[in-house]
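Take a look at the structures below.
Paired with chain B in one complex and with chain C in the other, chain A is shared by the two complexes that follow.
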Partner chain A sequence: MTSTPTSAAPPLLKGGGKGSTAMLRKIRKVALPYGYLTPTVVLLTILMIIPIVMVVGYSMMNNVIMIKNPVFVGFQHYVEILTSDAFRNALQNTLFFDIVSVVVHLLLGFGFAMMLNSPMLGKVTKSIFRTIYVLPWLFTVAIIAVLWRLLLEPTGVINYLLMTFHLTTTQIEWLSNPDIALYAVTFINIWSGYPFYMTSLLAGLQGIPKDYYEAAEVDGASGWQKLIYITLPQLRPIIIAMALLDFIWTTQQFALIWMTTGGGPLGTTEMLSTYTYKFAFSTYQFGSAAASAVIILVISMVLTYLYVRAQKVKY
Partner chain B sequence: MKSEPQRRGKRNPFAMAGLIVALLAGAAFAALPVLWMLSSSFKPNTDIFQNPPHLIPTTFTLDAYTKIFTDPVKVRFFVNSYFISLAVTALTLFVSVLAAFAFSRFDFPFKSALNVVIVSVQAVPPITLLIPYFGLMVGLGLYNTYQGLILTYMVFTLPYAIIMLTGYFNTLPRELDEAVKVDGGSSWTALWRVLVPISVPGLVSVGIYTFMIAWNEYLFALTLTKTVDMRTVPIGIQLLMGQHSYEWNQMMSMSILGCIPVLLLFLFFQRYFIGGMSAGAVKN
Partner chain C sequence: MRKKVWASLAAMVAAALAFSACTASGSTTSTSASAGGNVTLEFAQWWEPELPAGSLRTLMDQFEAANPGIKVKLISGPYASTKEQVVAGAAAGTMSDVVGLDGAWVSDFVKQGSLTNLSTAMTDAKFDASQLAAQVKIKGSTYMIPVANFVYPMFVNNDVLTKAGISALPTNRTEFAAAAKAIAKSGTTSGWILPLDTATPNGIQNDFMSWVWASGGSMLKDGQPNLVGNQGVKDVMAFVKDLYDSGAIAKGTFTLKEQDKVNQFTNGQVGMMVDSLAHVNLIRQQNANLKFTVAAIPTADGYTGKGALPYASWGIGIANNSKHQAEAFKLVSFLMGKDVNAKICSLAHAFPGNTGAVPDFVNNDPAFKQAFDLFQKSNLTNEFTGLPVAEDLMRSFDNELQKYLAGKESADEALTAAQAAWTKSFAA
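Showing the complex of A and B:
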C-alpha cells in the first residue's frame, strides 16, 4: 500500500518532531491533518474543481475544443438551448421518466418491504423472498439494458406471452414505436431500481418500535389506521430522502437510455443526459454541450440542496 | 414475540392467502427476467427467438460461455474490469482512510469548508464532468489508460467513502489513539495499528460500495477508452451488438459472468451490502 504514489505525503510527516526545534514541531503539528488530506485534495482539485471551472468556461465559448481560438459568446449557448424545442422535449421526457420512476419505485419498494416485514412469514421464507426481490439490483445498467432488449424484441418472449393470453394481436415494437418507447424505458428503470427502496424501507420498518403498534391495537386501531398514523409518518424521513436521491440519480441516467433506444425513436426517449452527450460526441458542439451540462449541474445542485435540507429536518 | 407469527397466521387465513399470492407475483416480476437471461445463456443463438419460447433450453449448450472464455478479446474485458475495480477499491480505501482520520481526529482551519466541498461534490452529475474530462485526460496523457479510468472512478467513490469512514471513526473512542501517543507512537501508527484494524466492518461496507460503482460504470468507460483492449465488461457487452448480427446468447452469458462478483459480494456480505448502501443513502 505505501508504494502507491498518493501515499507520499503522510509518511513524511510521521516523525513526531524528535530532535527538532519547538517551531518546527509546531509547524508539523499544524501541517499534519493537511498531510493526511493531501491525496484527497489533489485528486478532487484536478479532477473535480478544475473540470467544473473548465465546463463553465466552455459553455461561454464558441466552437471550443474544435478550433484553436474559440470566441467568447457569453450566455448565447444557454439562450439557444433553453429556448429550443429539443431541450424542452428532453426536459419533459426526463421529468416524466423521473416522476413516474420515483413514484412507482416507492410504491413497489414499500409493497415489497411490507410483505417482507409481515409477521405472518417465517424467517427462512423472508430471507428467500428478500434475495429474490433484490435480484434486479445485482445487475449493472448495461446488463439490464441488453436483457430487456432481448425480452422486448418484437419476436421476443414478452410479446409471445401477451399474444398467447390474447392481450395483443400484433407484435408490439416496444422500443421503436414512438408512442410506447418512453413507457418501455421507464418500466425498465422501475424494474431495476425498486430493490434499493425495498431494502431501505425494510430497514426503516424494522426500526419502528413495536409498542407503537401494540398501543394502537389496545386502542382498537385497524390495519389501515396503523399504516396511516404510525408506519407512514415513521418512514417519512426515509421516503423523502430516497425519493430525492432517486430523482437525482434518475435525472443523471444515461446508460440505460443510450443502450436501449439511444434517445429515439424520433427523440421520444431523449433525456437531458443523452441530449447533452449527443451535442458533444455526435455533433461535436462542445460549447452547447457544456452549457447543457451546466444546466444539468444546476438542477442537480438544487435537488441536492433540498435533499440536504430534508436530512437536517430529520435530525 | 416468537408465538406471534403463528397466532396471527391462524387468525386470518384470507390475509395469508393474499400475502402468498402477492409474494409469488412479486417473485415472478423480479426473477423471471433473470431466469430468462440464465436460460438464454445456455441456448444456441439460433434458438433465442424460437416459437414457442422455452424457459428450459431445448438444446442445452455451453457454446456461448466457451466462445467467451476462448476469445482473448472478451477475456480481456473481464481482466480490465477486475483490475480497475480492485485498484479503485484499494486506492479509495487507502486515500479515504487518511482523509477520514484527519476529519475525525484533528481540528484545523478550513475543516468545515473542506467538509462542505466533499459533501457537495457528490451532487455533481457525471455528464457534467464528461466534457472537460475528455480534453483533460488527453492533456494529461491518461486517455485510453487504466490510470485515467481509475482516477476518474475515485473522484466518484472518494466523497462517499470519506463521509462514511469519518462517521465510523467518530464512533471509536479517542482514548484508543491517545494510548498509542502515550507509548510514543505517532498518529500514523495510531491510525494503521489501532483504528484501521477495528474498523474492518466499515471498510468492508465502503469497499463493496466502491467496487460496485467501478464495476458497473458505463459512461466514462465508454468515453475515456478507445481501443478494444481497454474496454470493460459493460462496454464489452454492448460491443456484441451490431457488427454482423446480435450474439444474444453470448451477451446473456457475459451478463451472467458479469454479475458474478456482485452476486458473491451480496451473498457473503449481505449485511454490509444493504447496511452500507442504505445507510449511505439515508444518512450522509
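Showing the complex of A and C:
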C-alpha cells in the first residue's frame, strides 16, 4: 500500500518526503548491482569459499575428522608432504603425464582439424572422419578405462595383433610393467582427450578469413609459410586457452589412473590425485590429504591465473 | 517504523535459530520420527545390489510387520561408495543408524567413536551371543557382527588340470607348483592368477596371506606386526616368486583386479585361483560349460595341522550417533536370527553368521557342499579384520611384494620395509 500526501500536509513534511524518496532512489541505484551479484556471491561462498577455507583449515590440523578434538599443527603436513619421496615421485609422474598429454593432444588435434578443414576432402568423407575422430570424446572415463584395460591385457587384442604380425614374440604387460605403465596410461589419456582440441581448432580454422590465404597466394607464399604466418597466429589464442585448460584438467585426472593402474605398478603411475586419495580413504589421514589437495589447488590456481591472463590478452 | 525494525529483527533471529536447529539435528542423528510416532531407521549397506532384486526389502518388510512402529529405509550402493559414505557419515556424525561393515573398517571407526559397543547392546537386549558364529572385537568389546561369511577356497578348472596331465587336486605347495607349471607349459593357459592391483589391494589378504594362514602361519604376534624374520610369510613369498619367475602366474599380475581374476578363470584362461565362494553362480552364469572343483588351499609340505580358510564378511554395526539404539539392535537381532540369517545366506550364497542357520544351497549344490564341508573342517581366518587402516596395510605390503617379485629387493628387505610401514600405521 502507498499513501499519497494530502494538500493539507505541512510544506516541511512534503519537502522531507521528496528528499527521502530521492535518497531511496540513490540507495537503490547503488544497491542494485550488488543485488544482482548476491545470488552468485552466495553460491560461490557456499560452494567454493567455505569448502576451500575448510580444507585449508583441515590441512593444518592433526588427525582431523578421525578424532573429535584435532590439534593445530601448522604447516607440519605441508613439510612432510613436500619433503617426501612419494610426493616427488607423484609430482614427476604428473608433470610427465600433463606435458606429454597436452603436447600430443595439441599435435593430434591440430593435425586432424587441418585434415577435416582441407578442401581436398569431400563433404561425406569429412563427415565420416569427423564422426570417427570425435568418438573417444563420447565415452565416459569409466568406459575408456575398462575398454583400454581389455585391449591392453597381456592376452588382449593389442598383443594378439602385435604377435600375429610378428612385431613381438611375448605378451607385453602394458599396464603392469613398471617400465612402460606410465607411457601406457599417458597414451590412453591422449586418445581420450584429443577430440577436444580437434573440434575447437576446427572451429578456429573455419573462422580464419579466406582472404588472408588468397592474399598470401598472390604473394607467392608456400603452404608452410601460410601455416606459420597465417594459421598458427590466428589460432594462437585458442591454442593457449586450450593448452592451459587441458593442463589443469590433466593435473586433476584421477578416475582414469585409478581404474587402470591405481597408481601402480611400484608407484610408476602415481599422480598427485591418486596420492591425495590414498591419504584420505586408505590411511584416513584427512589432514595430510587436505594439505596435498591444497598443493594441487595452488598449482591449479597458478595455471588458472595464466589462463585468465591469456584470455585478457585475447580480448 | 520501530515496530517494523523489531519485527524484522525477530524474524531474522527466528530464522537463524531454525537454521541452527536444523543444522544441529542434522549433525547428531540420521533417524527421523514421523508424526504417528514411528521410528524410521536408516540401514546403509552394499548388500541390496548384490542380492536378488527386492529380496532385502522383503526381509525389511517382514521386520516392519514384526515390529510395529519401526520402519527401515535402505540406503544401498556398491561396496566402494558405501565405504566412502560410511567414512564421511562417521566423520560428520550423520552415519546411518544401522550400517553394513567390512571387518577392515572396524578399528578405524571404533577409534573415531562412531560405532556402538554391541557387547553392551546385547546384554541390554538379553541377546544370546552364543548363537553367533563370530564377533569382531576391539579391546574385548564387540563392534561388528558378521551376518554372512564368504570363504575363499581354491577353484580348480578340471579340464585344464587333466589336459596338463595332473590327475589329483594339489594338496600341498609342491604339488600346486608342479600343477601350475604343468598347466602353463601345456598351452596358452596360466597355472595360477594372483591379482596385486594396488587400487584394491585385497589380493594380499585373499590371494597371498591366505597361503600363510592355510598352513597355520600368522603375520602378527601378540596383535602387532610380525613380518621381519617370519618364516611362514617368507616361505610363501619364495613360493610365489618361484611361480612368477617360471611364468606359471598369469601375466599382468601387478595391476590385475579381483574381477580380472574371476573373468580369466571363467574364460578358461587360468587353471587355478583362490576366490570367494560368492562367485560360483557368476562363473556358472557366464560359462555354463566350465567344470571346476572347489578345494582347500594347499598347505606347506608336511603340514599336518588344521587348515584355515580366509573369509570376508558382510558385517553389521550400529552408529553411535543413532538416537534409536534399542530399535537398531532389534534390526540386528532380526538379521542374526536363525531363519532370517539362513535366508540371507541362501540368497547371497554365503555361510551363516548364526551357528544354527543352514542355508538351503548347501544341500542342493555339489560345489557348495564341498565348500561347506571345508568351512566346517577349517578355521576361518582373516588377520586383517579389526586391524587399523587394514587396506593401507595391504597396500604397503603389496608394494613391497611387487618390488620383491620384480627383483628390485630381497625378501628380507621387503619384509623389513613392510614391517616398518605397518608399525607406523599401528602406532598412529
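The rule is short, and it goes like this: the second predicted complex is superposed on the first by the 270 of 315 C-alpha atoms of A that agree within 3 Å, B and C clash if a C-alpha of one lies under 4 Å from a C-alpha of the other, contacts with A are read in each partner's own complex, and residues count from 1 in each chain.
Throughout what follows, a residue touches a chain if its C-beta (ideal position, glycine included) is under 8 Å from a C-beta of that chain, and two chains touch if they have at least 3 such contacts.
Everything numeric in this text was worked out from a predicted model, so none of it was measured.
Once the two complexes are overlaid on the shared chain, A:S282 sits against chain C while remaining clear of chain B. Of the two partner chains placed by superposition, only chain C is touched by A:P178; chain B is not. Greater residue coverage of chain A by touch, when chain B is weighed against chain C, goes to B. Once the two complexes are overlaid on the shared chain, A:I67 sits against chain C while remaining clear of chain B.
In the superposition on chain A, A:L266 makes contact with chain C only, not with chain B. Contacts of A:E153 after superposition: both chain B and chain C are touched. When both complexes are overlaid on chain A, the residue A:T21 reaches neither chain B nor chain C. The interface of chain A with chain B overlaps its interface with chain C at residues 65, 153, 155, 258-259, 281, 286. Across the complex, chain A meets chain B through its residues 1, 4, 6-7, 10-11, 13-16, 30, 32-34, 36-37, 39-41, 43-44, 47-48, 50-52, 54-55, 58, 65, 111-112, 115, 118-122, 129, 132-136, 138-143, 146-148, 150-151, 153, 155-157, 160, 164, 191, 195-196, 199-200, 203-204, 210, 237-238, 241-242, 245, 248, 251-252, 254-255, 258-259, 273, 276-277, 280-281, 286, 289-290, 293-294, 296-297, 300-301, 303-304, 308, 311. Against chain A, the residues of chain B that register as touching in their complex are 1, 4-5, 8-9, 12, 15-16, 19, 22-23, 26-27, 29-31, 33-34, 36-37, 40, 48-49, 51-53, 90-91, 94-96, 98-99, 101-102, 106, 108, 111, 114, 117-136, 151-152, 154-155, 158-159, 162, 184, 186-189, 215-216, 218-219, 223, 233-235, 237-238, 241, 248, 251-252, 255, 258-259, 262-263, 266, 274-275, 277-278, 281-283. Of all residues in chain C, only 83-84, 87, 91, 108, 111-113, 188, 196-200, 250-256, 260, 264, 269, 389, 391-392, 395, 399, 402-403, 406, 408, 425, 428 touch chain A in the complex they form.
Chain A contributes residues 65-68, 149, 153-155, 171, 173, 175-178, 181, 258-267, 278, 281-286 to its touches with chain C in the complex.
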